[in-house]
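Each of the two complexes below includes chain A, the first together with chain B, the second together with chain C.
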Partner chain A sequence: MPYLLLLHAALALGLVAARRRMGRWAFVVAAAGPAAVLGWVVAMAGDVLNGMPYEEIVEWVPSLDLVLSFRVDPYALLFLLVVGVAGTAIFLYAVRYFGSDPRVAAFAGTMTAFAGAMVGLVSVDNLLAVFVFWELTTITSYLLIGYFDHLKEARSAALHAALVTGAGGLAMLGGLVLLGTEAGSLRISEIVANPPAASPTVSLAWALVLIGAATKSAQFPFHGWLPGAMAAPTPASAFLHSATMVKAGIFLVGRLAPAAVASTGWWRGSVLTIGFVTMVVGGWRALRQNDLKLMLAFGTVSQLGFLFLLLGAGSAELLFGGLALLAAHTLFKAALFMVVGAIDHEAGTRDLRRLSGLRRSMPAVFWSAAAAAASMAAVPLTYGFVAKEAAFDGLLGTGLVPIMAAAVASILTVAYTGRFLFGAFGAHLEGHEPAGQTAHTPRNSLLWAPLVLAGTGLVLGFFPALIKPLVAQATAGAYGVEGAGKLVVWPGLVPALGWSLVSLSVGSLLVWRKEILDRATDAVGLVAVRFPTADGSFRRSVAGLLRFADRSSGLIQNGSLPTYVAIITLVAVLLPSTSLLGGVAGFDLPPTGEILELILGVLVAVLAVAIVFTRRRFAAVILLGGVGYGIAGLYALLGGPDLALTLLLVETLIIALFALVLRHLPAAFTRPRTPQALRALVAVLVAVFVFGGGLLTGAARMDAPVSDRYLQDSIPEGGGANVVNVILVDFRGFDTLGEITVLVAATLGAAGLVLPIIRRKENAT
Partner chain B sequence: MNRRPSPILEHGIVAAGGPLLVFSLYLVFAGHNQPGGGFAGGLVAGVAVVLAWSAGGSQTVRRIVPIRSSALLGAGLVVAALTGFGSLFAGLGFLESGYLEISIPIIGKIKAGSTLAFDVGVYLVVLGMTLGLVRALGEDRPDEKGAM
Partner chain C sequence: MSVVGLAVAALLFGIGTYLILQRLLSRVIIGLGLVSHGANLLIILSGGAAGDPPVLAEGVDPARVADPLPQAMVLTAIVITFGVTAFLLALALRSWLLTGSDAVEDDLEDRRIAQERPTVEQPTVDNDMHEEVTAP
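Up next is the complex of A and B:
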């Protein structure tokens, strides 16, 4: 498995690196990735299905306890199978889809990375590793959706997807960390085996994880990004909608549902509600689309809602149906997207009002579309029907409301499937100009991939036993229940069949008597218009956020240096001093020192007072340096040669650098705009706080000073006799690393700010 | 202000720069056991840069240190960070110090610690900071152009 991931990484990097020399044939190379996954799945299937999950641990950084643990059980194997099958078909399809754009090879590389991230996501057993792969899919999907970067819609769709799923990912990271701490393990298998006990923290953790999964899987109210994501080239859309990305959220809820249900009371209800709302909203929006691809995209939203609730509800029966349906969804959705791609490619439009007569000119496309659509609508004798029967069967045990909601969504599904099929392959609508280009039969490779996937849907419809062991074992692995459901060609006269037939017949009626549907959609549309769309609310919230940032930074960052200094010092003084006032334990006046210390102290004080009354900047700088030197002298007297040396050098450099700055400033101070009294007040407050705070904290010690330990450990552990240095480079080395990073950033910032100003001045003279 | 500093001053300052740099390196190497360290060493080297500037302006600085300040900053940060990761991969904690004793004929045993590499990183960053600021702030003013 690690090699499989390395293969994807190598392919992705290699294709991006060699993009100039490879055209669209890069996809043939890229297909090696998913094909290898497929081969791996086939090779491992025997063992994994016989109760021997594949497990491997790669030691990464042992001293930090960072290990990469892989665990592929039947559940993960199903997802791998899905990625492998859809990936191989889509990659080979993409060879013909693209023209000779030089960027195609880089795109193929990104697709491979995307596939690899998904493979990693489903096969690791560690929550943090899941998060890493999760974010990798977000980043690569951003690149894929924004491929047509000259189009504004593609760019904004990519950003929309990245913002929503990225924000969800962050929420999820918080949830995963909390979950890991509460459960005492980051291993998924251990968390599922020993779920943390219910507590408010655990509830928060699960809620955050749920938000992350819902954003990724485009669940209501976060579904807005998915239809936008169809701005991507068709192969990416097909892959993203059918096998990767959106399935990541489904995967995670399905994986964690047993534990979540065990440690919260609300998980099941929330998942069911989210799923049903998403199902109905997605189905409804799909019905109203005229763009074939957009229709499929909203269809995906609807299907994802169904999968989300089936896998996430936390019951063996629903999981069984959900996994069966997941495989079906991959097969028909990938096929349908590729069909739309072929239509778009050959007829030049995806508007179903303008397409006409494609059935005769593109027979192979029509038959694969028909087979896939039949599976989507769950027509008997297709695999979609078999899977949906299993899902309905599971839902029947949940209650009347769920099954009715599912039936409504299924009716909508049948209706938009019909609209899709007749829209694409029937006559064009009155009053709309038919597609200009004469559609011709597309090249073979654009054909066979959807045909194979759709055909597989038919084969599985007759022989569901081919996939049943995988689904059954995956369910058994999650809940320890054997025989949670059945996958059969004909279920016999059972209640689930009734619900299927009702959905089918009402849906067909809506297809047949289009005017009923139109009247109904218009009526509901009048009401629905009043509700904000997901896309609109996303735009408004982003705009609002930017406005807020603009206003607040305008208020705080007003460009006045004295204001900044005042804000920073006042915050630094007021916050801790309020808590200091609460617990004054008494003063601990330090012993008066030697006469030399006294002299230096007085000198420092006199110099400091003198600065205030200086008119000329240069004099002020020199005096300030004098204060610094005086303090350095005090350090030296008190036994801190290192501090003294460093301070001495710092003061020297500061004076020198100040001299450089002063060349560009007027020689004398200008009269400040803010009242002097106000400035004095701030200064006195700071002085009182530093002085008083120093005395108070000195007296308030409760534990032994850490310096004792440092002194003791300096030589044995740090290997140095200079304890200050050992602290800097070893004990607190991480701090030092942070500090020099800040130093680098500050230098680059200062140089970047100063140079243009000076250059402009030069040009002006 | 078409005025050159006296050649004696200029040469004297440049001549002082060499020993200063040597001293700065001494501070880095001695720093683990005596006063000094990467930060102090970098500051001393920075002082040398400022001296070079006061001797002959940014031209002289450019001649003496023909490296971009951003390169120094970057190199320093990379060296420091890599040291941390190095300890990590050697099975120690992040930035935990490790030592190698190398014996070289004639010179004898040399104890090279990972902390030294870390200090070199700090040194480079501090020197890069001074150089960057001197370059940015010390750009020749138009009225001084003739002097160079």
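Up next is the complex of A and C:
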């Protein structure tokens, strides 16, 4: 398995590197990836189905629990099979689909990376590794959807998909980390075996995971990005809609559902609700599209809703039906997308109002479309029917409401399938310019890939036993239940058949009597148009976010230096003080000190306050000097004669410097133009913070001072009795070196700033 | 650490901050000087109780001297503050000589950015558009 992933990575990088020398034939090379997956699945199927899951652990950072652990059980094997089959067919199809665009090879490389990410996602057993592959699909899908980067729609659709699934991925990361902490393990198999006990934290974790899965699988209300994603070239759409990306969310809910149901009370209800709403909304929107590809895209949304609830509900019966349906969906959806691609390629449009007479001009395409569509509508004797029977059978056990909702969605599915088939291959609508009469049946792989996939759907319809062991074993692996459902060509007279037939006949009625449907959709459309679309809401929220960012940064970054300093100061004061307040353990008031200290302190305070009120520059400088001398006195009192001396010298020098500069400046300060209350407030906050922080930290000393060693070593090692001097020139000599460097730099800088101007002025006069 | 010293340090911080928040560069420099004094004092205070000068002459009890390490650091800091003050004074002087004012004016570029409205790329086609309704 690691080698399979390496193969994908190597293919992807190689194709991107060699893109100038490879044209569309790059896809033949790229097809080696999915084909190898397919081969691996076939080779491992025997062992895995006999209860020996493939397991391998690649250690990376074992101390952080970062191990790449692979675990392929029947459940993962089914997803691998889906990726392998759809991938191989779609890659070979893409060879014919593309012209001689030089970027095609890079596109093929990206597709391979995409496929590899999906393979990794379903076969790893570590939550963090799942997340890494998850994000990899997000990034590669962004590149794939935005392939036509000269089109605004493609760029915006790619960004939409990346933002929605990326945000969901971040939510999921939070959920996965919480989940791993609560469960005490990051291994999926262990979490499913020992789900964490119910608690608010665990609930939050599951909710975040659910959001992540829902965004990835385009569940309501996050479904808006999926229809937009059809801006990608058809092979990418086909792959993304049928086997990868959207199936990642389904995979994860299916994988974790047993644990989630065990440790929360609301998971099942939420998944069912999300799934049903998505199903109906998707089906409804599909009915109202004129673009064949968009119609299929909304159809995918609808089908994903169904799969989401079947796999996520956490029951063996539903999982059985869901897995059967998942395989069916891959087969027919990939085939139908490729059919649309062929139509688009040959007729130059995908507008069903304009397409006309394609049944005669493209018979082979028509028959593959018909076979795939029959499977999608669950017509008896197709595999879609077999799978849907199993799903209905499972739903019957959950109650009347779910089965009725599923039936409504199925009616919509039948209706849009009919609309697809008759729209694409029937006559064009009046008032629209017809297109496609001159189209001819495309050759080679544009044709056989959909034919093979659609044909497989028919074969499995007659021989569902071919896939049944895989589905049954996957269900048994998740819930430990044998015989959760059955896959049979004809179920006999059971209630599920009744629901199937009702859906089928009402749906067919809607196809046959189109005017009923049109009237109904128009009536509902009048209401529905008042509600925001998912795409529209997304754009409004992004625009709103940008506006908010703009306003807030306009407010904070307003160009005024005092504002910036005030904000920085406030953050520096308020953030630590919250944690200081939280950590107050009580403190003793330190001693007041000597009376001389008090006198000097009062003197310094008075001088400092006077600085604020004086309006003469020179007076302010003298006062500053006074403060400095006062502090020097304090140092002398506190046991630092060296400090006192240095400070006296430095203060004197500073006064001299100021005097040199103030010579040029006006004598008085200009009055500030704005009120000073806010500044004073910030200043008071700072003072309170320093005082309080000093008290608390002064009381918090717990270790012996390091300077004990300096005191000890000063004479034997430094050869000096003045410990401060020895520290400066010996123990911490490099500090002093740095200090001298600063002085030199400041001197050079100051001279460079002022001297040229003064010289220029002198020359001028 | 003594309450008086701490109060002085806090007061110096407060007044220094107030002055730093002004627009006149010369007041800002004075404010910075005050904050430096406050910070240095705080470092000394954090060294523990006051004591004798840390000079190990005859008859000095090493247990009663003040902590020498903060003193060494503050000594360094005082000199560096001096260098920074000199540099800032040069800046103020340059500003005065060049513009006739030592006030810090608003950053015009920031002003312009703050007033600009964002432009969001909007595609011409809404891929998720409701179809137009034809019936009455």
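FYI, the second predicted complex is superposed on the first by the 572 of 765 C-alpha atoms of A that agree within 3 Å, B and C clash if a C-alpha of one lies under 4 Å from a C-alpha of the other, contacts with A are read in each partner's own complex, and residues count from 1 in each chain.
Following the convention adopted for this analysis, a contact is a pair of C-beta atoms (placed from the backbone, for glycine too) under 8 Å apart; a residue touches a chain by one contact, two chains touch by 3 or more.
These numbers come from a predicted model, not from an experiment.
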Touching partner for A:Ser541 - first (chain B), second (chain C), both, neither: neither
Greater residue coverage of chain A in the superposed arrangement, chain B or chain C: C
First (chain B), second (chain C), both or neither touched by A:Leu638: second
Touching partner for A:Val661 - first (chain B), second (chain C), both, neither: both
First, second, both or neither for A:Asn194, with chain B first and chain C second: neither
Which superposed partner A:Arg288 touches (first chain B, second chain C, both, neither): second
Which superposed partner A:Leu728 touches (first chain B, second chain C, both, neither): both
Which of chain B and chain C A:Thr747 touches, first, second, both or neither: both
First, second, both or neither for A:Ala523, with chain B first and chain C second: second
Touching partner for A:Ser505 - first (chain B), second (chain C), both, neither: neither
Overlapping contact positions on chain A, where the chain C interface meets the chain B interface: 641-642, 646, 650, 653, 657, 661, 664, 721-722, 724, 728, 736, 743, 746-747, 750-751, 754, 758
Contact footprint of chain B on chain A as seen in their complex: 61-64, 641-642, 645-646, 649-650, 652-653, 656-657, 660-661, 663-664, 717-722, 724-726, 728-730, 733-734, 736-737, 740-741, 743-744, 746-748, 750-751, 754-755, 758-759, 762, 765
Residues of chain B defined as touching chain A within the complex: 31-40, 43-44, 46-47, 50, 53-54, 69-70, 73-74, 76-77, 80-81, 84, 88-89, 91-97, 99, 111, 113, 115, 118-119, 121-122, 125-126, 128-130, 132-139, 141-143
Chain C to chain A touching residues, read off their complex: 1-15, 17-24, 26-27, 30, 33-34, 37-38, 40-42, 44-57, 62, 65-69, 71-76, 78-87, 89-94, 96-98, 102-104, 106-111, 113-118, 120-131, 133-135
